[in-house]
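By letter and in written order, the chains are A, B, C, D, E and F; residue numbering begins at 1 in each of them.
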Amino acid sequence: MQTHARKLVVIITESPLESSLVKDVLALGAHGYTVADVRGGGRHGTREGSWEADRNIRMEVICDAPLAESIAAHVMQRYARNYATTVFLADIGVLRPEKF
Amino acid sequence: MDPVVLFFLLGVIARLLKSDLRLPEAMYEGLSIYLLLAIGLKGGVELAKHPIGPLLPQVGGVLLLGMALPLLAYPVLRHVGRFGRPDAASIAAHYGSVSMVTFAVALAFLVDRGIPHEEYMPLFVVVLEVPGLMIGILIAKLGAGGGLRWGALAHEVFLGRSILLLGGGLAIGWISGPEALAPQAKLFFDLFKAVLALFMLEMGLVAASRIRDLRRAGLFLLAFGTIVPCVFAVIGITTGALIGLSPGGAMLLGTLAASASYIAAPAAMRIAVPEANPSLSLAASLGVTFPFNVVVGIPLYHRLTGMLHAAVP
Amino acid sequence: MDPVVLFFLLGVIARLLKSDLRLPEAMYEGLSIYLLLAIGLKGGVELAKHPIGPLLPQVGGVLLLGMALPLLAYPVLRHVGRFGRPDAASIAAHYGSVSMVTFAVALAFLVDRGIPHEEYMPLFVVVLEVPGLMIGILIAKLGAGGGLRWGALAHEVFLGRSILLLGGGLAIGWISGPEALAPQAKLFFDLFKAVLALFMLEMGLVAASRIRDLRRAGLFLLAFGTIVPCVFAVIGITTGALIGLSPGGAMLLGTLAASASYIAAPAAMRIAVPEANPSLSLAASLGVTFPFNVVVGIPLYHRLTGMLHAAVP
Amino acid sequence: MDPVVLFFLLGVIARLLKSDLRLPEAMYEGLSIYLLLAIGLKGGVELAKHPIGPLLPQVGGVLLLGMALPLLAYPVLRHVGRFGRPDAASIAAHYGSVSMVTFAVALAFLVDRGIPHEEYMPLFVVVLEVPGLMIGILIAKLGAGGGLRWGALAHEVFLGRSILLLGGGLAIGWISGPEALAPQAKLFFDLFKAVLALFMLEMGLVAASRIRDLRRAGLFLLAFGTIVPCVFAVIGITTGALIGLSPGGAMLLGTLAASASYIAAPAAMRIAVPEANPSLSLAASLGVTFPFNVVVGIPLYHRLTGMLHAAVP
Amino acid sequence: MQTHARKLVVIITESPLESSLVKDVLALGAHGYTVADVRGGGRHGTREGSWEADRNIRMEVICDAPLAESIAAHVMQRYARNYATTVFLADIGVLRPEKF
Amino acid sequence: MQTHARKLVVIITESPLESSLVKDVLALGAHGYTVADVRGGGRHGTREGSWEADRNIRMEVICDAPLAESIAAHVMQRYARNYATTVFLADIGVLRPEKF
């Protein structure tokens, strides 16, 4: 069984941005996304979800490398300055290349 | 001391002693949905007993109060507190807006003592909440470059959970009237104070966890978060007396003015004024003003009302 | 309009206006566990007052009704709606099965108006739910290649949350009887309608979010989701009259027949008939039939009962 | 059979039949917070009616009981059960400590039968819980190499959720007194037994899921989990009679002694004695002793009290 | 400290499949698995968990490359046709090779 | 847009260890962490969260390779013997090298 190389973009950021991020990511061309509720800590302090204002989400997007770059760049430029944000990319393999 | 306040202190103590006690998030959300609906329904049922016409001037007065409060807070934050425009505007919006739980505690305070008050007061909560947020956003954006997405903001303000559930409860109570709502009363009215007590436990846990942020924010916010509520309470009580509210009603309006938002305002400000540091405004409203109002403020405002209400012609 | 319906409409409006109001999932699950147990306990307590023997023919009649309904729905879906076999069978199973919340609203409707009815009706909910699902699965599998894992399916149907809690509540109520359950009554019976109101808020949010799917599904499902319930209600009311139920009981049986499942059936169908598109059946049962029944259907079926019940010899 | 026990059995049956019924975690946590607070408040309100002085000798007696129980259990586990030191100490701590829900069921048992008892018994729950845990940890650590972080442990024991909420409820009830707590009574006292029933449903699901672990643990734990509670009940009832409790109070103290912890102890032991296998102790306390106490033990201890209490001079 | 190369298989799919997936994965030879509740969107529309029928899970399995292949192939063949399903593989390093 | 190579350390373990793990990881020099609630199964049996004692968490830490090694080694040495623990490492790319 052959796998096809794709990128996984992971965005960890403040919960209220979820709907806006989903819109952006789909508008940039992604075919899907997955979101989980998480907590964490970093430069912007502890975000343990002990209050509504302190919740994080973790979004995963599988896509090709150019789109991964533009998603990451867009998130950095639009959100990272004012919101607690972490972005990273990983190399993965998928089975159905036409899907991602 | 009222058990409701003791529950709050239990939460504060638990957090200060670093206990791992936590109310599950879903429980916190469920309790707050309950409180908002219950307050709205109660107000709506009472509203159904009054003709609306005579209330309109009162609504107008409260609207003006709501617009005045953030405009009063902003210059203090900007020039005395030396905050930048975004932070000053964001904190002003928090103090221009209201805290539902503080209102609920004041309500319970009056009910316990049998002090009469206008039962349709929840209407004024809605009327006071909206202009506070709007003016805060306006201050932040005017002069600052960059367009303002009014649509998104109005959406955030009017369709946020608080206004929607409170307003929805008001409407349902108003349309249904007391008889149709009688089977609901056992849950929404009889259990109200005990659910409030549970909620206050959570508020204690959360308020205490903000104290660390406060230390970083410094003395100014501590002073601001205790003095401004007292000044706003005086303004609110006086406004209440002027628009013809009973002493109990004027005291509730004073408490609303004195209270600072920590649910609707943080959410709206995070989107409207992302440059503002959210931990500053939350430290003040949740870490200082909420405990102050609940423990010291409400009895104080009750006394102040005794002095002020008679003095207004 | 009943406050319970107003709560539903508040949810619908909130979702249509794109408010971010959401009941936490745990709260939704908690409320539904409560409702199922409460309905079961109430029915069980009443069952304890009756000898079981005379009820058996009624149970038989309701079983036959439950097997007839999906068999009536299937050809309409297949030949008029032109759905493939899996989708037609899956939708037929949804309409052959029942909606507990619709039943609860109809129950509250009768209680509010003081209309008497057989209090052991929750028994018939269980009796009606099971054959609907079974027949739906049978239709889908007969003729289609591939074996049917009957064990897994019976498990899914009989041990799904709905049947288990409802049946468990019935059994506990029946074994315990009214006196032993008296300390439970304050939670499970007195607060029932208010908890139902909260649940209806959530149902409004969810039903409104299905409207988009509906647009894709087209006009047929809209017609199907409103006409079929009326036809099924007539069949159910007539069956009720034939097996000797009072008008109130016949009206409840009609409402059960008219209602479509959106909890047990989707779960069972997803496993039994994975080729079926789940958004079609949910759009119809949750987006069309549930709101229709709650707002228009229940008062209508009440009227129909007035006309039909007397006509049956 | 008491409905509360029937709810437990419903949970057990659901899990044994592999139903997917699950109470959402937040609901389970919310219910347990409610139960702990309600028991504490009730005890505190009653405590407010008594002078504290005369209770002190009773508290001393219960403290001694709490220290004796794990010291009795340990050698049996070590020498008869042939467990290693960490496992023996951990299981001993579980049986030295108490189960709040078992206590609640026994309380409901007495209330249902109108049997009088010292209403301030919740105080003794706290007094009994702490030494059990402490002694268990001591046994495990003495002789075993490696330092003991006493600070962290005292924190875990005294500030764990159970002690904090129970103690907090006691304090709030004691400070407030019956009148101030009257508006809370509708939620915390009137609904108590019904909420307990819901909780027992969850306990049934969880207890049944421990049965598999039990099979691996073998016959010894089965014997230990049923015989030791009976012995401890006798010791507890006798202690109760000796310190001057009424028969009802002595029966409650016996039940507390017979019960084994499955919330506070597992959490404390996981941190203090990480080498111990947590599934052994949970299988015994949750899979054997809890069901045994709830179904068989409580009525048995009631009978034993009838025989023992009169025999004590 | 040396790490040993293994594969991480990630399966994002409909919640009701969880127990069935766990059984399959263990039967194929995996020594463990981890599951989280997530939400998402893709070809099968938005699955935001707003209704019981719309919940996703995300399962991770750490294993060697041949097993990863057979798990992925099995999931594709058994579930991907009728259920909303995403599968991807990533290269990771583990410390205890005997464990995975 | 250039990405910078970093390591992702993933630790799956028993929930009560969360606060202790956060302290350790920050003390070792990490600038942040992200935690999610998960369930799973492995050598220590099924940990499905059906009881308080059976809950798992999944912690992610982004850092450079040497720190990743020392975090992994520390977790193995301090927790893995007595607690249900899984640790793995992956290669990822980040955009702001100074942040991690």
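Miscellaneous remarks
Heads up, the rule we're going with is that a residue touches a chain if its C-beta (ideal position, glycine included) is under 8 Å from a C-beta of that chain, and two chains touch if they have at least 3 such contacts.
Note that this is a predicted model, so its numbers are computed, not measured.
Removal of chain F in thought leaves the touching network of the remaining chains intact as one piece.
Note on connectivity: the fewest chain-to-chain touch steps from chain B to chain D number 1.
Between the contact lists of chain C and chain F, the overlap consists of D, E.
Using CA-based centroids throughout, the chain positioned farthest away from chain D is A. Judged by contacting C-beta pairs, the busier of the interfaces D-F and E-F is E-F.
With chains reduced to the mean position of their C-alpha atoms, the one farthest from chain B is E. Centre to centre, using the average C-alpha position, chain C and chain E are separated by 35 Å. Between chain A and chain C, the centres computed from C-alpha atoms are 40 Å apart. Rounded to a whole number, the gap between the C-alpha centres of chain A and chain E is 19 angstrom.
Residue positions of chain B touching 2 or more other chains: 20, 24-27, 30. With touch defined as above, residues shared between interfaces to two or more other chains in chain A number as follows: 36, 90-91. All chain pairs in contact, by the document's touch criterion: A-B, A-E, A-F, B-C, B-D, C-D, C-E, D-F, E-F. Across the interface of their complex, chain E is touched by residues 22, 25, 205-206, 209-210, 213, 262-263, 266-267, 270-271, 274-275, 278-279, 282, 286 of chain C.
Residues of chain B that touch chain D in their complex: 1-3, 6-7, 10, 13-14, 17-21, 23-27, 30, 108, 112, 190-191, 193-195, 197-198.
Interface residues of chain E facing chain A in the complex, by the touch rule stated above, are 12, 36-43, 56, 58, 69, 72-73, 76, 80, 86-91.
If you check the complex, the residues on chain C that touch chain D are 24-27, 29-30, 33-34, 37, 155, 159-161, 164-165, 168, 171-172, 175-176, 180-181, 183-188. For chain A in complex with chain E, the residues that touch the partner chain are 1, 3, 6, 8, 22, 26, 31-36, 62, 90-96, 99.
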